[in-house]
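Paired with chain B in one complex and with chain C in the other, chain A is shared by the two complexes that follow.
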Partner chain A sequence: LAPWIPVVGLEIHAQISSNSKLFSGSQVQFAAPPNSLVSFFDASLPGTLPVLNRRCVEAAVMTGLALNCSINKKSLFDRKHYFYADLPAGYQITQQRVPIAVNGSLSYSLCIDNKMSQMVTKTVRIKQIQLEQDSGKSLHDDTRSQTLVDLNRAGVGLMEVVMEPDMCCGEEAAAAVRELQLILQTLGSSQAVMAEGQLRVDANVSVHHPGEPYGVRTEVKNINSMRFLAKAVDYEIQRQIEELENGGTILNETRAFDSKLGCTVPMRDKEGKQDYRFMPEPNLPPLILYDAKSLPANMNHQQVINIDWIHERLPDLPSVKREKLVEQYGILPEHSFTLLNEDGLAEFFETVVKQTQMKPKKVIGWILNDLLSYLKQHSLTVKESPVSSFLLADLLNLLEKKAISSTAAKQVLVELWKGEGKTPLEIVKEQKLELLQDQKELEQICQAVIDGQENE
Partner chain B sequence: AALKGGLRSQVSAALKEGRVTPTELCQRCLALIKSTKFLNAYITVAEETALKQAKESEERYKRGQPLGILDGIPVAVKDNFNTAGIETTCASNMLKGYISPYNATVVQKLLDQGAVLLGKTNLDEFAMGSGSTDGVFGPVRNPWSYSKQYKEKSVPKSHSEDEDSNWVITGGSSGGSAAAVSSFTCFAALGSDTGGSTRNPAAHCGVVGLKPTYGLISRHGLIPLVNSMDVPGILTRCVDDAAVLLGSLAGHDPKDSTTIQDHFKPFELPNLTDVSKLSIGIPKEYHAPGLSSEILALWSKAADLFKNAGAKVVEVSLPHTRYSIVCYHVLCTAEVASNMARFDGLEYGHRSDKKESTESMYAATRREGFNDVVRGRILSGNYFLLKQNYEKYFVKALKVRRLIANDFVKVFRSGVDILLTPTTLNDAAPYMEFIQEDNRTRSAQDDILTQAANMAGLPAINVPTALSDRGLPVGLQFIGRSFQEKQLLTVAKWFEKQVQFPMIQLEEVKRHDHSVFQHQKSASFS
Partner chain C sequence: QKVSVEVLHHLEHLALVDFRDSEGVERLQKAIQFADQLHEVNTDGVEPMDSVLEDRCLYLREDDVTEGNCTKELLKNAREKVEEYFVAPPGNIPLPKLEEQDTFLQGS
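So, the complex of A and B:
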C-alpha cells in the first residue's frame, strides 16, 4: 500500500485581551450575567456605527511582530454576511481583502519518540493574522423549542491566526498551538485560555499520496482543549485514510469533534457552500499604521500607531526566554521547555536558584522530577504548591551543606508536601535525619551493628 | 409682530427681545401641524416634550442666557433619525412602535442648543424612493397642492372630480421634512440625502435643501440606506438658515469614523455683491433626456443672471454622468442588502409569530416587515454581492464611481468654482400620475440630476427659483467643492436674493396669523 501524507493546517481564533470590544465600548468579561455587556452597537440597533479600539490593533500588531509577520501599513475591513441568531447585524466585520499582518512563521519543538532528550524544532508558516468580531452565544433548548441568545461575547475582538498546512499530525498541531498560546500569554495580547473560549482552534485536514496533489480537505471544529486537538486531528487523518483505502471519497465538509466518542461527525447546519457576500465595511476607513520613517511630524499621538515603537517594547518571547535560561543556568534545552510549559515554573526555578548555593543544573532535577511530578499527581498549579520556593531552597541548602543525604532530603520533601508549616530543618530534627559528620561516632555505630550481627 | 426673514436676522432677535416667546412659537407650530394634518407630513408629533423644551428655552431667554440662535426654534426631524423616547419608524412596519434608547448625534446637537423638537416627519420606507409615497403611513402631500398659486393654474379635468384628487407629491424621500418646512410648521427640518432625497423634495416644495459634503456631518444615529453616500440633509426656508443649521451640526464625531478629523468652524455668510471673480460651470450632460423645456429655460436664465452680473460662466463636461444611475443602482442595492440584514425581529422591531425555526421566523419577519421596494433592493443587492458577480458588478460600479468623482475633480481643477444645474426634470407630478410607474423606475428617473453629487461626496444645494406654469416650485442646484460649503452657500445666498422666490399662499397658514413667518415679498423671478 502506498504511504499517505497527512496535511494539517489550522485556523486559530484568539480573543484579544482588552477592556472593551473591538468596535464598541462595552466591557469584555468572561461569565458575566447574560446580555449585561451589550452596547447599542453590539445589539445592532439601527443607526449605530463601529469605532475601532486602539488596544485591539496594538494587540494584533504585537502578535504579528512576534510571529515574524509583515505588518500591513494599510489594512481594510469587510463585512461577511450570514444569518444566525448570535450575529445580530447579519454580518461579521472582519478583514478578508487585506488583513493586518501576513507571511510570518512560528517555530515550535517536539520530542522525538516521546523522549525528552531528543527535541526537534519545526516551523509552520503563518499565512495571516486578521482582526474580526466574535459572535454572541446561542444555546439551543430543544425541550422548549427555543433558542436563548447571549450577546455578551458579540463584538469582542478576535485575532484569527491562519497557519499554513505545514503540519502532519495531531502532535505537531498541538505543539504549534501550545507555542502560540505561550507567545500570546507572554505578549498579553490574549490570555489564550482554551477552557474559557479565549483560544479556539479549527483544523483543516487532508491526506494524499506522495507526488500527488493535495487531497480534499475537511474542516474540524468544536475542539475544546489541546488534548482533544491532537486526538481530533489524528482521528480525522485516520478516518480519511480508511475511507480512501476502502474506495470512498472525502467530502469538502465541516465536521465537529465529539469528545465523548473521540471521533469527528458531519455538522448538520454547515452543509452546502455558503456565499458570504463579502463587501467592504463602508463605515470604517482603511486602517493606517505607521513606523518611525513614515510617521508624520504633526500628527496627534492618540490617533497614530507606530509599529516600530511597539516592536521596541516587545517582551522576550518564549524561545528567547528558553535560550536565556539554558545560557544562564546551564540547563538542557528540553528542561527549558518544561519550565516554560508550566505556568509559573520558570519563575519558581529562578527564585530557588537565587536562594541556594546548589548549582542550577542540580536544582533543575528537583524542580522537574520531584516538584513537578508531585504537582501533576495532585493536579495542582505551581501557584497552588504547598512547598514554596523558599522552603525548597532551604531544603536544597541543607543538602548542599551535606547536613543531610539526598535520600533524607526526599523524605523531608514528602513531609513538606503536607503543608503543615514546618521548616525543613524542623523536620530533619524531628525525624533525626541529620547526616553524621563525626568519624568516631560513625565507627562506633558500625561496630555496634557488626557486633550485633556476630551475636546471631 | 411681523418676523421677516430668517433665524439669524429676525427670529433670534425677536426671541431675545421677548417680542415672541418660545412657547408661543411652539404652540403656533403645533396648531399649524394639526390644521395641515391632511398633508401627512408628520408621523409622530411630540407635543408634550416639545412644549416642555419650549418652556425650558423660555426660562433661558428670561435669564438672558439663550444657548444660541437655535434656542427655542421649532424643528422637525425625518423619521429615520434616532430620537430617544420618541418613536422612530422609518415609515416601515419593521420599526413601527420602535423607541430608540439614544439620540442621533445631529438630534442631540439640536437639543443641546435648545431647539424644540416638534416631531418626526414622513418619508418613503427606509428612505427608498423619490416621491415620499411608499411609506406605511401613506404618502405626503405637497403643501403647494393647496396653494393659491397652484389652484389658480390648475384646470379641473372634469367637474365631478374631487378637488382633492389632483394633489401633487412632495418628491422624496425627505418629503415630510420638506412639506413641514414649506407649510411653516417648523423653521427647519432634518432630512437625509443619498441620491437626492433632500434636494429633490426641496425643489418640489420650494424650500432650500442642503446636502453637505460627505463626512462633514455625523451619521451616527441616522438609520443607513447607503453608508458610503448618506448624509444628513438640511431643509430651511432660506439659505442663511441652512448656514445656521450647518454651523450647529457640522464637525468631527468620534462615534462616526467617517467624519473628518479637522476642526470645523461655523461661519456667517457674507453678503456677496461682486460675482466677477466667480466661475460658474454649466455641465452639458445635465441637459438630460426628459428635462422639461420650462426648467431648461429657467436654467439658462439663471446662467445669464450670473453672466450679466460679471461672473464667468462656462460650459463644462462631466462625461460619466450617464453611467451614474446604473452605478448607483448596484452600489445602493448592495449596501441596502447588507444594512437590512440586521432586521430579523430578534433584538428589536417587528417579530413574526412564526416559530417553527429561527430561519422561518427571520423569513416571515422580513417578509411582513419590509415593503416591496425594500425587499426588491435586498434581492438585487444580494445578487450583486454573490461571489460570482462581485467583480462584474460591485467592483465595476466602484470603479465607475471613481470615474464619476474624477469628472468633478477635473472640472473644479480647471478653475470652475461652482456648478449650476437643474435639480429635477419636472415640477411636482400629481400623485395619481406618479404612482403609474413603480418606485424603481421613478427613482431612476428622478435621481439623475442629484445622484452624482452623492457618488462624489460633494456638497450641493437646491435653491427655490421660480414657479412653473402650473404654479408649482422649481429649484436649481448648485454643486460645490468638497468642504467648501461656505463658498457654496455664499453663492446660493446671492442667487436667492436675485430670484426672490415667492412665498406660498396657503389658506391654513393665513388662518394662523402667518405674520410670524413672512418673507419679504417682491417681484418673482419667472
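So, the complex of A and C:
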C-alpha cells in the first residue's frame, strides 16, 4: 500500500483583549447577563455605523510583528454575507481582500518519541492575519425546537490567524497552537484562554500520496481544547485514509468534532458551498498605518498608529525568553520549555535562584521534579502553591550549607506542602533532621553503637 | 443574454428576495444590461475605486466602554423572547429546492 501524506492547515480565531468591541463601545466580558453588553450597532439596528477601535488595530499589528509578518500599511474592510440567527446584520465585517498582516512564520518545538531530551524545531508559514467581528452565541434548545440568542459576543474583535498547510499531524497542530497561545499571552493582544472561547481553532485536513496533488480537504470545527485539537486532527486523517483505501471519496465538507465519541461528524446547516458575496464595507475607508518614515507631520497623535513605535515596545517573545533562561542559568533547552509552559513557573524559578546559593542547574531539578509534580498532582497553579519561592529558597539554602541531607530536604518539603506556616528551619528542628557536623559527637555515637554490639 | 433559472434561484437563496413574476425578472435583466455599459470603458492599469471615502481618514476610537446595558430596550424589538434571550428557529430554514417550488420561476 502506498504511503499517505496528511496535510493540516489551521484557521485560528483569537479574541482581542480589549475593553470594548471592534466597531462599537459596548463592553467585552465573558459571562455577563444575556444581551447586557450589546449596543444598537451590535444588534444591527438601522442607522448605526461601525467605528474602529484603535486598541484592536494595535493588537493586530503587535501580533503580526511577533509572527514576522509584513504589515500592510493600507488594509481594507469587507462584508461577508450569510444568514444565521447570531449574526444580526446578515454579514460579518472582515478583511478579505487586503488583510492587516501577511506572510509571516511561527517556529514551534516538538519532542521526538515523547522524550523531552530530543526536541526538534519546526516552522509553519502564516498566510495572513485579519481583523474581524465575532458573532453572538446560539444556545440550542432542542426540546422546544428553538434557538436562544445572546449578542454579548457579537462584534467583539477577533484576529484570524491563518496557518498554511505545513503541518502533518495532530501533535504538530497542537504544538503550533500552543506556541501561538504563549505568544499572544506574552504580547497581551489576546488572553487566548481556550476554555472561555478566546481561542478557537478550525483545522483543514486532507491526505494524498507522495508525488500526487493534494487531496480534497475537509474543515473540522468545534474544537475547544488543546487536547481535542490533536485528537480531532488525527481522527480525521485516519478517517480519510480509511475512506480512500476502501474506494470511497472525500467530500469537501465541514465537520464537527464530537468530543464524547472522539470522532468527526458532518455539520448540518453547512451543507453545500457557501457563496459569501464579499463586497467592500462601504462605511469604512481604508485603514492606513504609518512608520517612522511615513509619519505625517501635523496629524493628531491619537489618530496615528506607528508600526515602528509598536515594534520597539514588543516584549521578549517566548523563544527569546527561553534562550535567555538557558544562557543565563545553564539549564537545558527542554527545561526552558517546561518553565514557560506553566504560568508563573519561570518567575518562581528566577526568584528562588536569586535567594539561594545553590546553583541554578541544581535548583531546576527541585522546581521541575518536586514542585511541579506536586502542583500537577493536586491540580494547582503556581500562584496557588502553598510553598512560596521564599520557603523553597530557605530550604535549598539549608541543603546547600549541608545543614541537612537531600533526603531530609525532601522530608521537609512534604511537611511544607501542608502550608501550616512553619519555616524549613523549624521543621528541621522539630523532626531532628539536622546533619551532624561535629566530629566528636559523631565519634561518640559510633562508639556507643559499637559498645552496644559488644554487650550482646 | 438572459439570466438562467438556476442563477435566479441561486440569487433568491442568497439574498432572500423573490422575483415573483416576469416583470420582476425583466427588471433585473434591464438592470444588468444597464450596468454592463461600464465594460465599455478601458480600465487597464487603473486601480478600482470601491468607495468615495477612499481618501478620508479612518477615524480611530479610544478603547473605552461607552455603550451597552440596554437589554430591555433591545428586547422590545423581539417578537419572542425567553428570559432576556432572543428566540430564533432551531436552524436556518432551507428554502425549497427549485424542483419543489410552486413559483413563477418553475414555469419559465
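General remarks:
As a working rule, the second predicted complex is superposed on the first by the 443 of 456 C-alpha atoms of A that agree within 3 Å, B and C clash if a C-alpha of one lies under 4 Å from a C-alpha of the other, contacts with A are read in each partner's own complex, and residues count from 1 in each chain.
Just so we're on the same page, a residue touches a chain if its C-beta (ideal position, glycine included) is under 8 Å from a C-beta of that chain, and two chains touch if they have at least 3 such contacts.
All values derive from a computational prediction rather than experimental measurement.
Touch criterion not met for A:P210: it reaches neither chain B nor chain C.
Within the superposed three-chain model, A:L148 lies in touch with chain C and out of touch with chain B [touch as defined at top].
Once the two complexes are overlaid on the shared chain, A:N19 sits against chain C while remaining clear of chain B.
When the shared chain is aligned, no partner comes close enough to touch A:G452: not chain B, not chain C.
Contact with neither chain B nor chain C is seen for A:P3 once the two complexes are overlaid on the shared chain. Of the two partner chains placed around the shared chain by superposition, neither chain B nor chain C is touched by A:G421. Of the two partner chains placed around the shared chain by superposition, chain B and chain C are both touched by A:D275.
Once the two complexes are laid over each other on the shared chain, residue contacts for A:L52 go to chain B and to chain C alike. Between chain B and chain C, the partner in contact with more residues of chain A is C. By the touch criterion stated above, A:R79 is placed in contact with chain B alone, chain C being left untouched.
Across the superposed pair, chain B and chain C both touch chain A at residues 40, 43, 45, 51-52, 81, 83-85, 145, 147, 149, 275, 277, 282, 284-285, 303. Looking at the complex, you find that chain C touches chain A at residues 10, 14-16, 50-51, 53-71, 74-75, 77, 82-92. Against chain A, in their complex, chain B makes its touches with residues 81-82, 88, 90, 95, 100-102, 104, 219-224, 226-228, 254-258, 261, 334-335, 337-338, 340-344, 346-348, 355, 358-359, 362, 382, 385-387, 390, 394.
The residues of chain A lying in touch with chain B in their complex are 40, 43-52, 79, 81, 83-85, 88-91, 145, 147, 149, 275, 277-279, 282-285, 303. Within the complex formed with chain C, the residues of chain A that make contact are 18-20, 24-27, 33-41, 43, 45, 51-57, 76, 81, 83-85, 138-142, 145-151, 268-269, 275, 277, 280, 282, 284-288, 302-303, 305.
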